[in-house]
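Right, I'll just put the structure down here and ask away after.
For reference, chains read A, B, C, D, E and F in written order, and residue numbers begin at 1 within each chain.
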């Protein structure tokens, strides 16, 4: 292989390894922001997302997503993908798929049956995620043809995960004691330091997530990669600062959990446009993400009374959709503010809605069937005592 | 230096950095799976493995391993290696050596004298590990000549560590209260979340461990590297899923600590053959590793009553040996299942046995001498109160 | 872009990502080595160092540092840097700036007002650090012209942070209960395991810090990079071992917190000379760093009664200055021991003093003004109850 | 004054707290303890299954004036009840004197 | 012998400890509890502000011989005082017998 | 009924537990406390060596019926003994009433 091709492959592998590490970030964020009695269960869910995702995506999901297109809608599946010249892409896409699946686990934490969750996670990885992914990233999907831009997956990965999380949180219902007569009660996470470490690990991994999505680094891609790293970092920083300021104004003090969420919101929001916007654009997208996530968490919790313990719906669903739309505004080539008119924005809206609808409908069908058959939720007693002792006969802390 | 050579050097450095990070993984796994009163002691042991390993391996170990061969058995040592064109290899091999040494600390945790341990760790890094490593990896070692395959060190690194750990665990004896009349009592780890983070960090580092062992990425190595990343990831995933299922069947619930061990078992098992087997082969090797580790931990604990707090013997020793043998079965070029007959399998068995014997005998001699001189074990009072307060006058948690 | 240029850019981006991760290391070290009641505040400070640093350094700091020189003293600032061919350098320098700022937070932990700290951190990132950085790294700064060597920033980054930390620790005063009649009382950190993980993450990031400062990997830089990785690793190891031995002799037991500090001391000390010294030189520099840090912490605490909870002044300030001086002794090209005479050493001393004076004076002015206006310190009640509950209305552990 | 020490299931704590608040018992202290008793809990760790009688419980210490004793005990008895082994115990003992640190009040005044 | 149970602010612990040492009360045990009482503390978590009466406190258990009771109570009353709501309580009860495990001493000898 | 409060070395807990089980005292609660007493423990932290009398201990609260008091105290006295300073204390006090939440039983029945 020639040096430039090696460079590209190497870059994809390195970025894939960084994205892999995001699994640790998700595990820490989700355990840190929930109660200690369920920490073991969350560990198991995250490990299984990764493991089942790895096996399932290789076994079939990858070709559902990237196989030859059938009507611009789905790839032709082949089993046990083994093209030895494409293993770096398989790896990179596998860790992306695992990310999409893992988003759901935070939103349904603390009350969901482990066996049910595993089945859902598997379907998410081999059906729901790869099909809508096909529409955007395979090259011949119908959204690609429309001109929809989602560079690294604000919608393809994060929104899909976020909307599925929303459906999950609704269907499984709030944790016992979360709402009393429509009033939301705080259920503080048991270890914010672990949560903060998780956020920093996610931020780290996101450099791989976004800059790796260039899928090359040789030639002209080099400066593009560096630009993506900057936009990604700026949006994250802006998101955190904004969320801190908004929380400072709203509650009188700079709030730790909101600030951390703000960083993630900025990261999710910039994911779609990280290669299309300028540093200033990234800053503004991060600011918008950081502000919106605070109001969104508030709204979903206090107005809708949907219990999403780690804010997955707001961070990944809402900010993912938002970030995708904002590409239509801030893209230096074709964005509304750069004289491109409403065309791109319209296409972005179509993509966001289409994939949102897909995720909501399919997640609903799967979860509804699971609810009616093996059940979504543990018994009241199990929930109150903690999932760890009932689902795994273990305590995390001894 | 020409671009392809730079690529190779860079890859080795990056992988070395990833392997370096495994030290953090080992520290977290070993502390998380043991009691809090000994956590500081385990931190110190792991840091010292790394530090003494770094100094010792540079000062002499590297040339014992890679120096010009003396009878295909040992390299000619030179002090303070300083070939400025080979520093990347020195680095990569140093972090490997530190890994081999660190495996032992988990098996003897909670009862071993700190000073004794340090001496042993030093000998391990400059004598035991480099000599058997010479046989396989120097290029002219007698096992290389036989055709023995251990790509990234299932045997050279992990088994050597695992068998030394076995000898250590036997000689130092079980922790007080671990066995009552031959019945094994559980001594739960104090923080499984930290343990889980450790496992994910190890998994991360393992990409460097296995894919870096290609020692190149330019030209044809590029696809090989990507393939290794895939086999490594698949085997880890398969190991975790299998261990979870086996534990689910055996104990009625999916067990957290076993699932985490399963991932490590899959990783150790694939290390020898990561470049020689197909993805399907990797999956099966992972499954075998994940199943065997559960039974092995059970057997060593309940039948042999050897107290190995973190399962180092089973994970590194047993799965390392097993994975090396399975190369003879699954290697696409020369494996039993691929029509290669029993030849390769026979050679693999010779290597596993020879290196196993070497590790057991040398570790026994060193530890036995230490036992008779300065002693292996802390006093009963120190053990019961915890090593931290006696060996380091500190508590980890305040 | 041509392959060699891509290699260089890629290396800088990867190293920047590693340096980014040091933020997690600092967060863990600072929280682990202080009390749990302030952990949330430390998290917030570290996140804000990073976020404000990212925004401020991009917005103006980068050009203050690297803009066209004005009298070899300061760069010509331009707002919102956006040269799309230099984004990799912007990223790499941004994470360096964030490091310098973050050093201060550890020294003033547990008693400093959050709002004040944020303002200081911002000024640090956009004024104090970039100006002295300009003198050494812009290429035409007056210290560069003198021949001052600070390869990766022992002085430019660490000492600047360390001396600012010293001024901060003095002006803000010791924590309540730290000294009684001049006697120093121990205030043990609440989680040394988290602290140890932080140290290992810092060590990991330091490979990027030092080896990335080569700012290239192609051609001749390749072996230089590998050499830097080795000197960095050796110095860290030597620092830890030395600090352990010194503490063992001084207090009768190998001390955990000192050993961990020793590793950091070795890393800071080698930062200036990592590319200029031999492995043996690195070993000796590490040994000196590891020994000096123990005595320095002792002296600053017990003799000067300056309360520096995590030892930032000793680790970054003292060892940074020391390491810079030692370049004049151990540089294989021009060092005292290599027949270079006292010339280089003299230049190193000038640089260390000039930058030290700069950091002390500017930090003093800023902090003094802040003290007289909005105040540096929280109320006694807030400090005793913990900053988390008063400054953030939150507890980290629930 | 009497001290009521109640050792209850952690999972019942919120209900007990509400029940106490309803009868205007707004002062008490609690902490987590390990209880040894009749209840057994199955555990698995690294392949060793074991069942332990050491179970996490919450310990409430409630000092009330004598007239409140009965209704407070009743409130706990009802709200902490599940009917399965392991519901816990209530112990009543005598308190000779109480002080409120803030006001230096003594006796009955101090427990209100 | 009497048992003094004092529930104080965590932030006052060092002063209380010093005060006790000064009157030669060098034996006691303490642990952290959550106290429910008059004091309220504002919290925010993920956008939900709430105020809770569940506040971290330190619980001291001090067994003293009868003559020491008054000065020990006094010492705590003074050293734990801030004057704001939430200073805590002191409860005094009777201890019938005390043993020192090391020497098997009983009674007065054992609490010294 | 009597309450036995035993403050023991953490390292002796398993032996004490066994001793209690042997005399059929199968009900009690325990938690970890910091004890201040005669024993001193050397510590070093970041170069400051200090010795503290604040030592981690385990606190056992065992309520027994009157006839069991003596043998239970004896069992603890023996099993918690090492002979070095710091073995701990046992305090005995009176319990006026006991309830078992599950069955609403009172008195003697409830402590069995």
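Rule of thumb we're sticking to: a contact is a pair of C-beta atoms (placed from the backbone, for glycine too) under 8 Å apart; a residue touches a chain by one contact, two chains touch by 3 or more.
From a predicted model like this one, the values you see are computed outputs, not experimental measurements.
Enquirer: Can you list every chain that touches chain D and also touches chain E?
Expert: A, F
Enquirer: Same residues or different residues: which describes how chain A and chain B meet, taking over half shared numbers as same?
Expert: At the contact between chain A and chain B, which are copies of one sequence, the residues are largely different (under half shared).
Enquirer: Cα centroid separation between chain D and chain F, in whole Å?
Expert: Using C-alpha averages as centres, the distance is 19 Å.
Enquirer: Quick one: chain C and chain F, Cα centre-to-centre, how many Å?
Expert: 49
Enquirer: Counting in whole Å, what is the centre-to-centre distance of chain A and chain D, each centre being its mean C-alpha position?
Expert: Measuring from centre to centre gives 43 Å for this pair.
Enquirer: Two or more other chains touching the same residue: where does that happen in chain D?
Expert: Within chain D, the residues that touch at least two other chains are 31, 43-45, 49, 93-94.
Enquirer: Identify all positions of chain A at which a residue touches two or more other chains, and write them in rising order.
Expert: Those would be 3, 7, 14, 188-189, 251, 253, 255, 257, 392-395.
Enquirer: Got a list of which chains touch which?
Expert: Here the touching chain pairs work out to A-B, A-C, A-D, A-E, B-C, B-D, B-F, C-E, C-F, D-E, D-F, E-F.
Enquirer: Could you pull out which chain D residues touch chain E in their complex?
Expert: For chain D paired with chain E, touching residues are 1, 3, 17, 26-31, 61, 63, 93-102, 104, 110-111.
Enquirer: Would you pull the chain F residues touching chain C in the complex into a rising list?
Expert: On the chain F side, the touching residues are 43-50.
Enquirer: Under the touch definition given earlier, write down the residues of chain B that touch chain A in their complex.
Expert: Chain B reaches chain A through residues 3-4, 7, 11, 14, 18, 35, 188-193, 196-197, 200-201, 203-204, 207-208, 211, 217-220, 222-223, 225-227, 229-230, 233-234, 236-238, 240-241, 244, 251-257, 259-260, 263, 278-280, 283.
Enquirer: Residues of chain F touching chain E in their complex?
Expert: Touch residues, chain F against chain E: 2, 5-8, 31-38, 53, 57, 59, 73, 76-77, 80-94.
Enquirer: Please give the residue numbers of chain C that touch chain E in the complex, ascending.
Expert: On the chain C side, the touching residues are 177, 381, 384-385, 389, 392-395.
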